[in-house]
């Protein structure tokens, strides 16, 4: 493992994920790595970020305490900016929006993803009970499910696997995965490498992946912007 | 019939119905005679009138065209006054309010009411299809169902009957009935005369009623206020 | 850039086809009805439509009488579902009021029904409202005690909860929802004035929700606590003409 | 005269009994949580409560750490469901987040669960939200595709609609709903500020809904288009103290 190329850092992973969000998309950001996406939307694109507690259309995260609106947080409790056209609603309306299929892209963290698109992100190791948050609703009902996660678990196990053996959040839902080594598509029971992180080879990525990868014809190095 | 005492007129019927609405009650007013109730609330009592299209807390009807807010109508399309504390909502929320049991009293017109409390007010004779409006929801879900109607149909048939033979709106729901000859309670399969219009005897009322009446121990003449 | 504001009512409904299912917002009052969208739908000429509406529409003549009775000035552009009935464009109507309330005033749809030219499904307003919300909210079916033991229960599953019988009702999703609101911004965020009727209920319960509004304001003018319908639920916005038209045939 | 404003938080919760089911509004942020109602519930001493909440509560210590991480000033009166967990008052919790999100920060309720002192029902936020709305709206049960094939489907009826399996979920009605809003009038009409979370969802979904508010304004100050929750859904209103308390034991 010592000869591995560099892993993408979290902000680059978020940029890769943000790069492909279409103009006008309604996008929910889940806990963990996905929360950073609202910081990386190019100024020429309008993406409406949705959060479970009843917000659609918020902006980038706010790090200056003087600028914080204590009521305006993302799903992870981080202060975010207001943006023109933003609106507030109730939890029931917020989930009517999710469950009614009005979310274009949901960006979720994960513990495991498998070749059938199954998603496991409920049972954090060591916690006494599984937690779902809004992830199950989002994974089941959003038009596109994009996972952003480290390629390997803290214990070194691959997180993209043949078949999830952790508590399942939702079945057959994941469309794309951004990890710190590449961008993958999941469809028809197959995981396809679309883009690789600078310096990585297909073989190196395959070696740390728990399922046999297909490789896109036009596989290429990740380029931002 | 020529020796009959006078029938209560519509405004007096509305006053009788309004008289017994408790302070603070949430009250829906149905089409026809019930619409007049919002004109007759004593100034020392606060009654919140609800209307299906998404209003709670409206006031008396407005007859001066100069005072009309064209958006603020009762369920029958008659202009009504705004009142402090009034609020607007959607049709779905308005019916969540109705169906969730939050309406204390629903005041409905009727074609027939029977001894089991069944209500028929859907199929107006001569119309090509039954109409329900919000009446079925209200009759099924309100805490109390108060019918205000003429005692006899235009063709002279009694409207309080042993068993409805017209299209049913809801089963076993009617609690009280105000007609132009008296006030009645329906419970346990029995219709009880509580109050009679001035000049009327129990026998005269029984003679134009389609079911055998019980008579309250303290039966008395209707007094307003 | 997101801009849901469309230049004309005709453009907003250019892709409505015959046989489409349409939610019609409003409640028995031309002031909360999407009048110009209905006129554009009439011009579009699509027929065999399935409509969903609280009521079957007054039509011009009944509306004039009702306004006169209340000493109100009649509108020249108060088009409602009655126009679609008069033109024979409705193949089916799902409604709580297929008829007028008075014995002497006849809705245009009553004539259609008498001639046997359309189907009707009569259902209580609350069940219609909830079925529409279900479409917005991704719920295929729910149970309600409303309608048990009456004609609306015919053919529906009955099931007891806590000893009380309930019937199963299903979601009502349309191809288009035509609604009326007061103000909008380019994201399609909406603010209503007055009772929000089926307008708010239907927003988001169709493939394409089109809002007819009094004015479009700059983005940011509608505050986050004030917006009633988030633009997520709205695909197209059209502004009413500043000078009322008096013939539905006039392009708008 | 209608006046739902109650003089103290203790008075507002004086009839809560042990074993009651309680909806707790808010979402992982003390600024939208009914802090003083939770403190009063703690003083009331009722236990074996069944709670419904998006999350299990941070408790004072976790909240302090989270605020420090974000360079925000910690609140002294930011009490949340964690307080009830710390005091051992919860017999059962229905929630989407029984644990903290981070591996190193432990919610008070995690300790309760490890000790086996309470039951937990974990369910997605959307299914919880819809089940609560059903209680407000008189719907005993509905179908949803969310949770099919996962642990939440255990023991639930599965049924296909359009070839897609769905599970049956039932209404969640509580004895009390404790919610937070910005302004109220004496009718109990409420206006919120910011995301309305479970606060708006739970209003009307309990026998008694109690709203903790920043201020009560004269009747009529809240306009009909502006009110988020009609007072019909609210039984009691209590105003937060003008000077924050720093001990939950202090009567308020």
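Going in written order, the chains are labelled A, B, C and D, and every chain counts its residues from 1.
Here is the rule we use: a residue touches a chain if its C-beta (ideal position, glycine included) is under 8 Å from a C-beta of that chain, and two chains touch if they have at least 3 such contacts.
Bear in mind the structure is a predicted one, so any value in this text is a computation, not a measurement.
Engineer: So which chains are sitting against chain B and chain C at once?
Structural biologist: Chains that touch both chain B and chain C, as defined above, are D.
Engineer: CA centre of chain B versus CA centre of chain D: separation in Å?
Structural biologist: 38
Engineer: Find the geometric centre of each of chain C and chain D from their Cα atoms only, then give the gap between the two centres in Å, rounded to an integer.
Structural biologist: It comes to 35 Å between the two C-alpha centres.
Engineer: Using mean CA coordinates as chain centres, what's the gap between chain A and chain B in Å?
Structural biologist: For chain A versus chain B, the centre distance works out to 57 Å.
Engineer: Could you pull out the residues of chain A that touch at least 2 other chains?
Structural biologist: In chain A, residues 55, 88-89, 95-96, 98-99, 141 touch at least two other chains, as defined above.
Engineer: Pull out every residue in chain D that's touching 2 or more other chains.
Structural biologist: Residues 130, 133, 137-139, 144-145, 192-194, 224-225 of chain D touch two or more partner chains.
Engineer: Taking the top-of-page definition of touch, could you list the pairs of chains it picks out?
Structural biologist: A-C, A-D, B-C, B-D, C-D
Engineer: Under the definition above, what is the set of chain A residues touching chain D in their complex?
Structural biologist: These residues of chain A touch chain D: 31-32, 51-55, 63, 65, 68-73, 76-79, 88-92, 94-96, 98-99, 122, 124-137, 140-141, 167-171.
Engineer: Okay, in this complex, where on chain C does chain D touch?
Structural biologist: Where chain C meets chain D, its residues are 130, 134, 137-145, 161-162, 166, 170, 191-194, 224-226, 228.
Engineer: Any idea which chain B residues touch chain D in the complex?
Structural biologist: It is residues 23-24, 26, 46, 48, 50, 55-57, 82, 84-89, 95-102, 141 of chain B that touch chain D.
Engineer: Across the complex, what residues on chain D touch chain B?
Structural biologist: For this pair, the touching residues of chain D are 1-2, 133, 135-139, 185-187, 189, 204, 219-220, 222, 224-225, 227, 230-233.
Engineer: Note which residues of chain D are touching chain A in the complex, please.
Structural biologist: Counting only chain D, the residues touching chain A are 27-29, 31-32, 54, 66, 70-73, 96-99, 101, 103, 110, 113-114, 120, 122-127, 129-130, 132-133, 144-152, 192-201.
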